[in-house]
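What follows is subunit A paired twice: with subunit B in the first complex and subunit C in the second.
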Partner chain A sequence: MDIFILHLINGITLGAMYALVATGLSVVFGVLRMVNFAHGDLFMLSGYLLVFLYVEKGVPYGLAVVFTVAGMVLVGFLFERIVIRPVVHRTWRIQLIATLAASIVLTNLAILIWGTTPRQAPTILSQNVFRVASVNISYQRILLLVVAVVSFLLLTWFVQKTRTGKAMRAISQNREASVVYGLDIHGISSITFGIGSGFAALAASIITPLYSVEPTVGAMVMMKALAAVILGGLGHVRGTIYAAVLLGITEALFAGYVSYPFRDAAAFIVLIFVLLLRPQGIFGRKVSI
Partner chain B sequence: MKRKLTFALVISLIFVTLLSSCAPLATPTEATQAPTQAPTQVSSEETIPKEPIVIGVPSAFSGPIAYVGESYMMGYTLALEELGNEIAGYPIKLVTADNACNPDQAVTAVRKLVDVDNVDLILGSGCSSATLAVMPLLPEAEIAQITEGSTNPKIYDGSGVGGNIWQFRYVPDDRIMAEGFAPFIAAEVKSLSILAYNDDYGRGAAQSYQDILGGLGVEVVSTEYFERGGADFRPLLLNIKEDKPEGLLLVATESDGIVILRQLKELGLTQKLFARGAIVTPLFMEMTKKEPGLNEGIMEGTWWAPGLDPKFDVAFVNRWGTAPSPHRATSYFIMRYVVKAAIEEAAKTGTVDRKSIRDALEKISVETPVGVISFDAHHQAYPNMAVSTVENGTIKLLQVLETKAPTK
Partner chain C sequence: MDGNSPLLLLSEVCASYGEIHVLKGVSCTVHKGRITCIIGANGAGKSTLLKTVFGIVPARAGKITFNSVEIIHHQPMSILKMGISYVPQGRCNFPQMSIRENLEMGAFTRKDLKQVAEEIERLYDEFPMLKMKDREMAGNLSGGQQQILEMAMALLLKPALLLIDEPSLGLDPRMMEQVFETITQIKDRGTAVLMVEQNAKKALSISDYAFVLELGRNWLDGSAQSILNDPKVRYRYLGL
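Let's look at the complex of A and B:
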């Protein structure tokens, strides 16, 4: 029983990690109706920015996280202006090529700038462990859970209560009608991308001290985040979060009890199974033509 | 508007392609420079410059262990610079090809080196899975490959008298190293779990230690495998904790080793730790300088440790400003001694080409700081291996062991 609880805790923390990364992706899809294949690379860039500030410049960890998120929100604005805006009205194929191309450029830029050796950014929290009974969990992982919950609540409040959030929802529901009503589509798109990028940065700032950052780390993160977005229902943020936790728990239990090397396969089998039953994802709405 | 966008996309794609193809070559370019020192006195027959010898380096230059490919290039480049970028009067040119440590890509990478770059010798292919995949291509292309880091025992079985006369290996394999290192493990623990990469390197090493440790009275209670570049190893570590072995043998390189050791401490595993890969290395210490003690007390048996060649240790840091590692050292020794000796030997025949280099590799016997290097009937070399540990944050060389042909 003890070991089951430990695997379950692992799964929840893993799910929280996927959820943080996937939320940004889901927000962007919800508003802009496009998948940003460079989202994982924004995560990777955030990791390097954290290493630069916290490890190389000695900025205190908390401040480094704030600067990383703020910096990446700006990068998100720029990214939307340079990569997204020119293709947002184009077909999905062009959007796919544009974001994939951006992903390749960012990965190779990282190789050129920082090389290929993985970088570490351990914190006091990642090096100290909370122990109760047989449960051992680093304070950094507890921080990850807390940040995930708080940031989701903040995002929900922002989208439900603020003018900008309501505008995002309006565009998400009917882009053309929003234009007719005079909403600043470009401005809202920029803010949406800033939020998406900010979530990637928040995720990277909390996760990098637990693992490491190297130029291709984004590809692995992106794979799981995309699975969570699809499983939860494209563009459905709350669904994405539940799906991410479900994927994390499935992966941890399968790895613990069945086979570690095939844990990714297990997560994707769940994805396929759910999509067979509900092609629109767990929380997505059925669309008929 | 439509045309402009299409044009912009095409330009960006071309830019991306160029960028992706040139990135991994960032380090190698320095090694491809022609020699800068012209001979002061030139005889009439030497006035015609010799054609460069082109050496192909297929390795992982992308993916989670891209730093290993880059590490090999650092060693080759340093050695070439010490040799004046030429051997026996022939300028040496290095050409890389990315195999991402993947068997499919490894075949493509070697085909590109052989058919497009027309290389004279291959130094690769890094990972065991990649090397095993390209071995069948070598006889067809009639080109020799010296393997620098693939330690799967199958390579020994299939090379030289094993059938493939074009395959040579510098590093001792895991069966050979296990015979040297396993007694150290047996002296410390009576039960052990093995945690290894889920590829030919990890599986070959795990099997070798299982075979030998049983005969030394050590029970291997479990063997677990994981992928390179993984993030969450805690399910595996929890299972090992449940198995309660006295020791744990970790078969991994620095990048994954750091994450595993971090999670191992988090979960409170107290097993005596052993390693076969690149855990007790200066590069590991450099990568974890913000969390000292991560590899404290771990005992590792592998083909290189700092102190085997102090001159190299200093030269590497001076040249690159970063710490050496087994991968960085092995490529240095191969170029500095083995390739140099082989090309000099081949030059005696008057023609340096694929065949003469292969024939020369069978003949050479060269003194190096890690022992005498020559290739046996299985085209296997026997450099010394080292057993080392970390004490008070410093790597301590416990013993240098001579390696020999496997007994089984």
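Let's look at the complex of A and C:
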């Protein structure tokens, strides 16, 4: 039983991480109708930014997280300007090549700058455990859960109540109408990208102390996040979050009871089965791109 | 601005989708305080004309002036800010947002939020249906109600000219009646209307002036009454 609870908690925290990354991917898809294949690399860059600030420069952890997120929001704005805006009116094939190319460039840039040796950034929270009965949970995992819940609530408030948030929903619901009523599509896309990148940074700065960061860490995170986005229904943010948690739990239980080396396959097995039964995702409406 | 100079003037406008020439030199004028309608068969270029004025389809040749200012190579955003709003054919709202949120989005380019809130209240008085369904999602309204919502959204930008494409498309007769009534109301508020309509008889009955297009060219124009009584129009477009 204890082992089961341990796997379950690992699964939920893993799911929270996927959810943070996938949320960024999902809001960007909702507003821009394109999948950013470099999203995982923004996660990877965030990890290195955290290591640089916290490990190399000795900035206190909390402050390092804030700076990492703020810095990556700016990187998101720049990325939208340089990579996304030139291809936003092109076909999806060109968009795919553009973001995939950006992903390859960023991965290789990271290899050139930081090498391939994984970097770690242990914190007091990641080195201490919270003990319930005979189950040990690292405080860092509890922090991850709290941050995930709080940031989803903030995002919900932002999207429901603010003018910019409402415009994000409007653009994702009817792009042609947004042109007709003069919504600032470029400006809103830029902000959306900043938010997406910020979420990836939040995930990376809390998860990196639990694992490590290396140049290719983005690829697998990206694949899992994409699986969650598809599973939840493209552009459906709440569906994406539920799907991410579901994937995290499935993966942890699969790793614990079935096969640890094949744990990465679990998410995709779930994805294939769900898509066979419900091609539009668990919560999704049908969209066409 | 003297009373005789037109609000909108198109002269010999050509527009095409790639190789397909849709407008082959169309001229027309829209005056303040009037409903002007454009009728014609499918493929005559009616909708393209509105899209060209709004800057969605680029004009290849000709002149378009609004308040005597050349607007032919402007983007939709800048045309919107000059005082032309557009209600396209088919659904043009945000289906999973409430009526109030839709209206707020209609006024997105305005920064005077307090006045916008007051104007939404005034629109609610004018169109009680919108007030009754304030919190309803736009996607749950009937086709006609959505059409009225879209016109109200466009009005929040206080346009001098409203372009409306096929307002009666897909509506039952009762709803159609309400939509045309709303368009007359819009004219009475002082907004000029340029409307494209498949239902020629109904459109002519509320219009002041009309242009008849055929295959991308002007065919006839005149007061709505004279067009309605023209034997050739009655034969070709009114089935009489």
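The definition used in the following text is that the second predicted complex is superposed on the first by the 285 of 289 C-alpha atoms of A that agree within 3 Å, B and C clash if a C-alpha of one lies under 4 Å from a C-alpha of the other, contacts with A are read in each partner's own complex, and residues count from 1 in each chain.
The working rule: contacts are C-beta pairs under 8 Å (C-beta built on N, C-alpha and C of every residue); 3 or more make two chains touch, one makes a residue touch a chain.
Owing to the predicted nature of the structure, the values given are computational and were not obtained by experimental measurement.
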item: Side-by-side fit of subunit B and subunit C on subunit A, or clash; value: fit
item: Which superposed partner A:L6 touches (first subunit B, second subunit C, both, neither); value: first
item: Following superposition on chain A: angle at subunit A, subunit B versus subunit C, Cα, nearest 10°; value: 140
item: Which of subunit B and subunit C A:K166 touches, first, second, both or neither; value: second
item: Touching partner for A:Y181 - first (subunit B), second (subunit C), both, neither; value: second
item: Partner chain in contact with A:Q120 - subunit B first, subunit C second, else both or neither; value: first
item: Subunit B or subunit C, by number of subunit A residues touched; value: B
item: Which of subunit B and subunit C A:R238 touches, first, second, both or neither; value: neither
item: After fitting on chain A: smallest Cα gap, subunit B-subunit C, Å; value: 14
item: Contacts on subunit A seen with subunit B and repeated with subunit C across the two complexes; value: none
item: Interface residues, subunit A side, partner subunit B - complex; value: 3, 6-7, 10, 14, 55, 86-87, 90, 94, 97-98, 101, 104-105, 108-109, 111-112, 115-122, 126-127, 129, 131, 136-138, 141, 210-212, 214-217, 220, 251-252, 255-256, 260-261, 263
item: Complex contact set, residues of subunit C against subunit A; value: 54, 56, 76-77, 80-81, 85-88, 91-97, 101, 104-106, 108-109, 153-154, 157
item: Residues of subunit A that touch subunit C when the two form their complex; value: 163, 166-167, 169-170, 173-174, 176-184
item: Residue numbers on subunit B that touch subunit A, as the complex places them; value: 5, 8-9, 12-13, 15-16, 19-20, 23-24, 26, 61-64, 66-67, 69-70, 198, 224-227, 229, 231-232, 234-236, 238-239, 242, 254-255, 258-259, 262, 265-268, 283, 287-288, 290-291, 322
